[in-house]
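Here chain A shows up in two complexes: once beside chain B, once beside chain C.
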Partner chain A sequence: MRFQTQRRLFLVAMAGLAAFLLWGMAGLPRFGTFAGAYSRLLNATAVSERAATNVVASITFDYRGFDTMGEEFILFAAVVGVAILLRAQRDEEEGQPEEEMPGRHAPAASNAVRAIGLAMVGPIVVFGIYVVAHGHLTPGGGFQGGVVLATGALLVYLSGEYVTLRRVRPESLIDAAESTGAGGYVVIGLLGLVVGTSFLDNFLPLGQPGALLSSGTIVPINVAVGLEVAGGFVLLLSEFLEQTLVVHQLEGGP
Partner chain B sequence: MRYLPHLVTIWLFAVGLYGIVTSRNLIHMVTCLAVVQSSTYVLLLTIGFRAGGTAPIFLDVPVGTPAVDPVVKALALTDVVVGATVSALLLALAVQAHKRHGTLDPEEFRALRG
Partner chain C sequence: MNVLLAGAPAGAPSILVAVVLLAVAAAGTATVLTRDPLHQAVVASFFGLLLGVAFLVLQAPDVALSQITVGAVALPLMILLALAKVRRQPAGTGERPPESEPAPEPRQEET
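And now, the complex of A and B:
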């Protein structure tokens, strides 16, 4: 009964909000005609100013680089937060994964899944590195490439089982990748302060637009972000998979 | 056609919110929040779109070719990253809630509190 009232109340409120939003959006520039001053300016000058053919990358990692540093630390903080939330509690202990509990029969990964999964790990990792390295030229960059790299670990999980992944996953290396990525961004920023004129100043030679080694600090920042994102997502993945190994004992708990 | 992208934005926002309000499962609730958030991606890209514009990437087209707004695209990138982190944190909270109370139904948490 209460559920029905709740739903009816929501529908009335939402109809009001939708009308309000539509009224507001009607005041926006007509769809397809918006020409903001910044967008015109950046599309016209960013390539010659920063030698990066991907204007979005030069905004994200150069003009707006300080914001992206904050964004990177949001990700870092979230990974730390998940690790803290999912750490083994006092009243928990590690046990068999749920799939191997007595009385539970989970089919193992078939040979086809295993073969295709393992065969794809290499190409996926190469593709991830490609996306990170070409972020300043074509769509992509550290965030996108980092996620692609992390799916390599997911493929290992899919084609085997989590316990195998735990063996092949060098935990200290992943932690190091994440911290190096997060810290590297700040170090590049500070180098800009020392060598150049300001924090995150693009102090490296810019090179020719379209070349792999061009656009100054945008490439090293992309690599740092790629390391951080790949490390962070593998950690997230393993924190959640670790939960299948935790047997909770609620007798003594709240 | 003129208001279609705006209507899609409002629709995504509304159905996501409806899902959150009526949800009886925390995992479902986190997914609904992702739907609400995707309305902001549509809104950002709607604002930045220019009729006839290409992607703001001038590798194989010369500078000066009409292109869409790159600023909102950078904002959408931030939006996606924040969305992913929020989902990860909320899912971790859902795992803990299930371990503590043996349920994912928010109504039952209310009952537990008395």
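And now, the complex of A and C:
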């Protein structure tokens, strides 16, 4: 196709898309108003029904807990896929980490970066645990807290060398966290089937709204998701770093 | 469209929301217009951060937290690591796009 024709076709298509987009946006509800009954109903009843002051958490981990389980396994499958894709291929070898290779003059992290990075690891991990543990009370939860926890491992890499991260990240432990988190969600759901009435039934005592130990199964599910996400992100990070820094193409490879 | 043009006080966005939305639009445009992938990763990270602020201003703090962790941290990190791997391959084996010669990076010094 000639370039002129291509461009004309593109412009026609874009005009059509813009027209449909504007038409659709003109029919949207006014800014800040939503006509659906579901949100109003949950805002009125969720706190007294589930004792979780963060209504979002009681939706994602209780009322719609089954959806969230699916989402968790999407992440699990994505991490497994990346781990498989980034394994050492037949024409590659796992060599020394590049920072240890002879004749390599990578600039070392400056002392300021090292000091601040290492000083931040502790607070970041504590903050991640806080976000996971308070998911039913304040904004946050297993997913957000899990990513925050995983950035602790990133800080170790940024403020040291890759070998340091390898030392503080036992691969089997990370794998275990990842799979325990994913499996734990299903186990909590099955316990609901055994102890309660249905899969993912909130069978634990609900407690007082606002207390750390309240809202039943939402807390253990949050912990499971936090484990899974933290393990998954550390695994992603180390697979990428491994591929970048340790795996080398063999001489004469394709 | 009517998000910004709505005149009625009920349901009209505040000035703060309008400013944040405009900043998000500007950052999104900047992300598209940045052609070098290395720079683009950083600009995309800033765009993700601004989008998180927009969610916060629209009173969705849960979504804002997810957006900041994924859009401002995880996604740019994956892009940077992938770029580091692609650019490290010896010349001839890697398919380097011809038009973007990467700026000299301190990390690539090898003897």
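Note that in this section the second predicted complex is superposed on the first by the 221 of 254 C-alpha atoms of A that agree within 3 Å, B and C clash if a C-alpha of one lies under 4 Å from a C-alpha of the other, contacts with A are read in each partner's own complex, and residues count from 1 in each chain.
The criterion applied here is as follows: a residue touches a chain if its C-beta (ideal position, glycine included) is under 8 Å from a C-beta of that chain, and two chains touch if they have at least 3 such contacts.
All of these numbers come straight from a predicted model, not from anything done at the bench.
J.: Scan A:A224 for contacts with chain B and chain C and give back first, second, both or neither.
T.: Neither partner.
J.: In the superposed arrangement, does A:L149 touch chain B (first), chain C (second), both or neither?
T.: Once the two structures are laid over each other on A, A:L149 reaches no partner at all.
J.: I'd like to know which partner A:A177 touches here: chain B for first, chain C for second, both or neither.
T.: In the superposed model, A:A177 contacts neither chain B nor chain C.
J.: Touching A:L236, do we find chain B (first), chain C (second), both, or neither?
T.: In the superposition, A:L236 touches chain B and chain C alike.
J.: Looking at chain A, does chain B or chain C touch a larger number of its residues?
T.: Touching more residues of chain A than the other partner does is B.
J.: Considering only touches as defined above, state whether A:G140 meets chain B (first), chain C (second), both or neither.
T.: second
J.: Does chain B (first) or chain C (second) touch A:R30, or do both, or does neither?
T.: Touch partners of A:R30: chain B and chain C.
J.: Quick check for you: in the superposed arrangement, does A:M14 touch first (chain B), second (chain C), both or neither?
T.: In the superposition, A:M14 contacts chain B only.
J.: Pick one for A:I188: touches chain B only (first), chain C only (second), both, or neither.
T.: neither
J.: Looking at the overlay, what does A:N54 touch: chain B (first), chain C (second), both, or neither?
T.: both
J.: For chain A, what residues appear in both contact lists, the one with chain B and the one with chain C?
T.: 22, 25-26, 28, 30-33, 54, 56, 139, 143, 236, 240, 243, 253-254
J.: Quick one: in the complex, what on chain C touches chain A?
T.: It is residues 1-3, 6, 8, 10-13, 61-62, 64-66, 69-70, 73-74, 77-78, 81-82, 84-85, 88-90, 93, 106-107, 109-111 of chain C that touch chain A.
J.: Spell out the part of chain B that touches chain A in their complex, as residue ranges.
T.: Residues in contact with chain A: 1-7, 9-10, 13-14, 17-18, 21-22, 46-51, 55-59, 63-64, 67-74, 77-78, 80-82, 84-86, 88-89, 91-93, 95-96, 99-100, 102.
J.: Residue numbers of chain A touching chain B in their complex, please.
T.: Chain A reaches chain B through residues 3, 6-7, 10-11, 14, 17-18, 21-22, 25-26, 28-36, 38-39, 42-44, 46-48, 53-56, 59-60, 64, 67-68, 71, 74-75, 77-79, 81-82, 85-86, 89, 92, 137-139, 143, 209-210, 236, 239-240, 243, 248, 250, 253-254.
J.: List the residues on chain A that touch chain C in their complex, please.
T.: It is residues 22, 25-26, 28, 30-33, 54, 56-57, 103-107, 131, 139-141, 143-144, 147-148, 151, 154, 233, 236-237, 240-241, 243-244, 249, 253-254 of chain A that touch chain C.
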